[in-house]
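Chains: A, B, C and D, in written order; residue numbering restarts at 1 for each.
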Amino acid sequence: MGSTLIVLNLKTYLEGTGEGAVKMAQACMNVAESAGVMIGIAPQFPDIYRVASQVDIPVFSQHLDGVGAGGFTGHAFAQSIKDAGAIGTLINHSERRLTLLDIDASITSAKGAGLTTIVCTNNIATTAAAAALTPDYVAIELPELIGSGIPISKAEPEVVTGSVDAVKKINPAVKVLCGAGIKKGEDMKAALHLGSVGVLLASGIVKAKDPKAALEDLVSLI
Amino acid sequence: MGSTLIVLNLKTYLEGTGEGAVKMAQACMNVAESAGVMIGIAPQFPDIYRVASQVDIPVFSQHLDGVGAGGFTGHAFAQSIKDAGAIGTLINHSERRLTLLDIDASITSAKGAGLTTIVCTNNIATTAAAAALTPDYVAIELPELIGSGIPISKAEPEVVTGSVDAVKKINPAVKVLCGAGIKKGEDMKAALHLGSVGVLLASGIVKAKDPKAALEDLVSLI
Amino acid sequence: MGSTLIVLNLKTYLEGTGEGAVKMAQACMNVAESAGVMIGIAPQFPDIYRVASQVDIPVFSQHLDGVGAGGFTGHAFAQSIKDAGAIGTLINHSERRLTLLDIDASITSAKGAGLTTIVCTNNIATTAAAAALTPDYVAIELPELIGSGIPISKAEPEVVTGSVDAVKKINPAVKVLCGAGIKKGEDMKAALHLGSVGVLLASGIVKAKDPKAALEDLVSLI
Amino acid sequence: MGSTLIVLNLKTYLEGTGEGAVKMAQACMNVAESAGVMIGIAPQFPDIYRVASQVDIPVFSQHLDGVGAGGFTGHAFAQSIKDAGAIGTLINHSERRLTLLDIDASITSAKGAGLTTIVCTNNIATTAAAAALTPDYVAIELPELIGSGIPISKAEPEVVTGSVDAVKKINPAVKVLCGAGIKKGEDMKAALHLGSVGVLLASGIVKAKDPKAALEDLVSLI
């Protein structure tokens, strides 16, 4: 496997809730193995343990609070996420934005627990800012394209290349993912061609008639 | 068992994370059986499935977002909480406050999934307001006493009786819990004597040298 | 003048910013005088002083934080709002929602400074809850109708009557306003007929070609 | 006048509310003139117009929302802040933290209205991130020292120099202020010596027995 990374975000889709999350993870695992690509999955908090204990696939949390052990009712605590079997986490997703300070605290907490960090951003400026916080990955997504079916790699390729360039200047160790509207093999190919190392995606796969077939199409041109 | 309810909130305490949550739940179950009292537990999101599938005890989520299925990354979705094995949820805990609208939406979502609702409040006025939203329980807690070891039933008994009276006028079907600083059997007894039907507690048990012994003390005077 | 109240919310409309706010206030004052109705205005924070010192009209803040004097940078402090000349404040507007606790704190702060309180809500349940906090007014607005031009009094009259009934049961001293989509005299008449004592409105007047004429139409059937 | 900048944040201190804000501004203006230093003032929103129209001093808003004209009730809109007489704004103050996206949107809105931007941060990493968003200034403040009387320049000088270095690498056009606990002439001198171009301060002056004398001490060693 190269360093290409695909992360499937299950959001709160019913198709990816509970046993559905386990089935989606199995589809990801099967396609990852046959295509030789790393595919991770981000189920809801309560499904992390179930997925991680049943399917051999990198599991990400959808969110992580930068809090420690103690009086933090209802928070997503790094140690708990890690204990449940996750190996990483999304941070600052478009549907769960954080303050600048909480992004920094979340990255620090995740690193302390040995979790890989993917910080989501919405334009070149915020991507550069996120890179300055030294996460493992930044994932640039245009909020208006999320769930639209219009891939960022086609609609706004210069945002991807601009993000890749900006991150290189700030911190070349940070890898760039892109997302929003990505679904097909050509979108994935374009994303890699623009300098990103992979994609973050959701509805294009989760809501597909046959998610496994959709994943196979996605990786077909890598 | 009567209608007395004790809910142990594990917050993000390390002692109640992962396998620790399972052990705390076993202690609760043992004490509940021998004392004939209902004791529920509120573990972190990722531990709900693990606790609910291993221990026969009412499991509550620490928080619930009033969102449906769809694009809600990093949210606590009622169906997912329910699928993982929870029977209810805390809402608006002192460490996870919500807007008035989100409390209402969270109650509606929880009811739709068949989950019992406990809305936390901080004074008589907000308790009355919460009761108007028709949850199953309101839990009055004085934030300044949380984790203090000073029980609300001793420090501010009139807040408990005032809350019980206010709720009765607004909606007599809503039951009142109280919390903050509760730890000992006499605190529990006082809480019931003041008109509440039970308690919400955390550090007094979770951080005790011997949580099971602490629980036994708690229920000893009921 | 009876007890009918109209409050014109200027939001951040350019037409109601700076000198525009003063002009809108003059139009309100002129119409209020000739029609014998109380018309208040809610300009942006920086325009409160300018409007209140130049036009003799009840001025409301668009928002108030429940904070005291001290370390609260960037907050809307009751004493400052009052000193600038406001006589009341909106709280929890659809575009500036607050936690249940902050609504309660905001009402308490406003009352301490002698400010009239109008708490905005979105359905019958949250209206009842808000009434339990004993503000002077609750203003029920359906968020989906705000700015739509479809008046709540026509689209969902039962939400207005249901709110009036719910408030009466909780606290008959609290008066009910309604809003969202209100623009014409018949909407205003219908709002009063449904049991509210007035309306909260914005774009229907502020964005009208001739705001003064629009206000004259609004009050023409009272 | 050189490029040294002092910004006095009045927060919600009663001493700096209403007419108090005007008096504080006059003290700042007098000291600025005799010492040949630029001193700006950040009053509460409702006091911007009053201060700016009465005292010839650079006025900053304490906060700015990155919203445009339209349906944004209770928000701090750049055009309104500008119209009231401000020349700049604090963004993301410790007591008014914003999401990464809102900081970016606030900077963009402020620039569009011709306002100078000062983004507050809490450590070297977030300072670097803020600099990537190209504000005019970043102001590094350690939250635990705010209001403490212990100056950052003495307690944590390496945070100031580290911030100056990090900003230089990201964007040398961004100037660095520091704050928290600054009060005396020696603190000010140390702040400049560490590479910052000025300070952000509040209680040390506002709560002083004689604010003007305190300001004179502050600038005495420049």
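The rule is simple: contacts are C-beta pairs under 8 Å (C-beta built on N, C-alpha and C of every residue); 3 or more make two chains touch, one makes a residue touch a chain.
Predicted model only: the values in this text are computed from it and were never measured.
Undergrad: With touch defined as above, tell me whether chain C and chain D contact each other through largely the same residue numbers, more than half shared, or through different ones.
TA: On the two sides of the chain D and chain C interface, the residue numbers are mostly the same, over half being shared.
Undergrad: If you average the CA atoms of chain C and of chain D, how many Å lie between those two points?
TA: 33
Undergrad: Rounded to a whole Å, what is the gap between the Cα centroids of chain A and chain D?
TA: 37
Undergrad: Would you kindly tell me how far, in whole Å, the mean C-alpha position of chain D lies from that of chain B?
TA: Spacing between the chain centres: roughly 43 Å.
Undergrad: Can you pull out the residues of chain C that are in contact with at least two other chains?
TA: Counting only residues that touch two or more other chains, chain C contributes none.
Undergrad: Tell me the shape of the graph of touching chains, choosing from line, ring, star, complete and other.
TA: Contact map by chain: ring.
Undergrad: State which pairs of chains touch, listing all of them.
TA: A-B, A-D, B-C, C-D
Undergrad: Which positions of chain A touch chain B when the two form their complex?
TA: 9, 11-14, 17-19, 42, 44-50, 61-63, 67-77, 79-81, 83-84, 86, 90, 93-96, 146-147, 202-203
Undergrad: Chain B touches which residues of chain C in the complex?
TA: Chain C reaches chain B through residues 92, 97-101, 103-104, 121-123, 125-126, 128-134, 166, 170.
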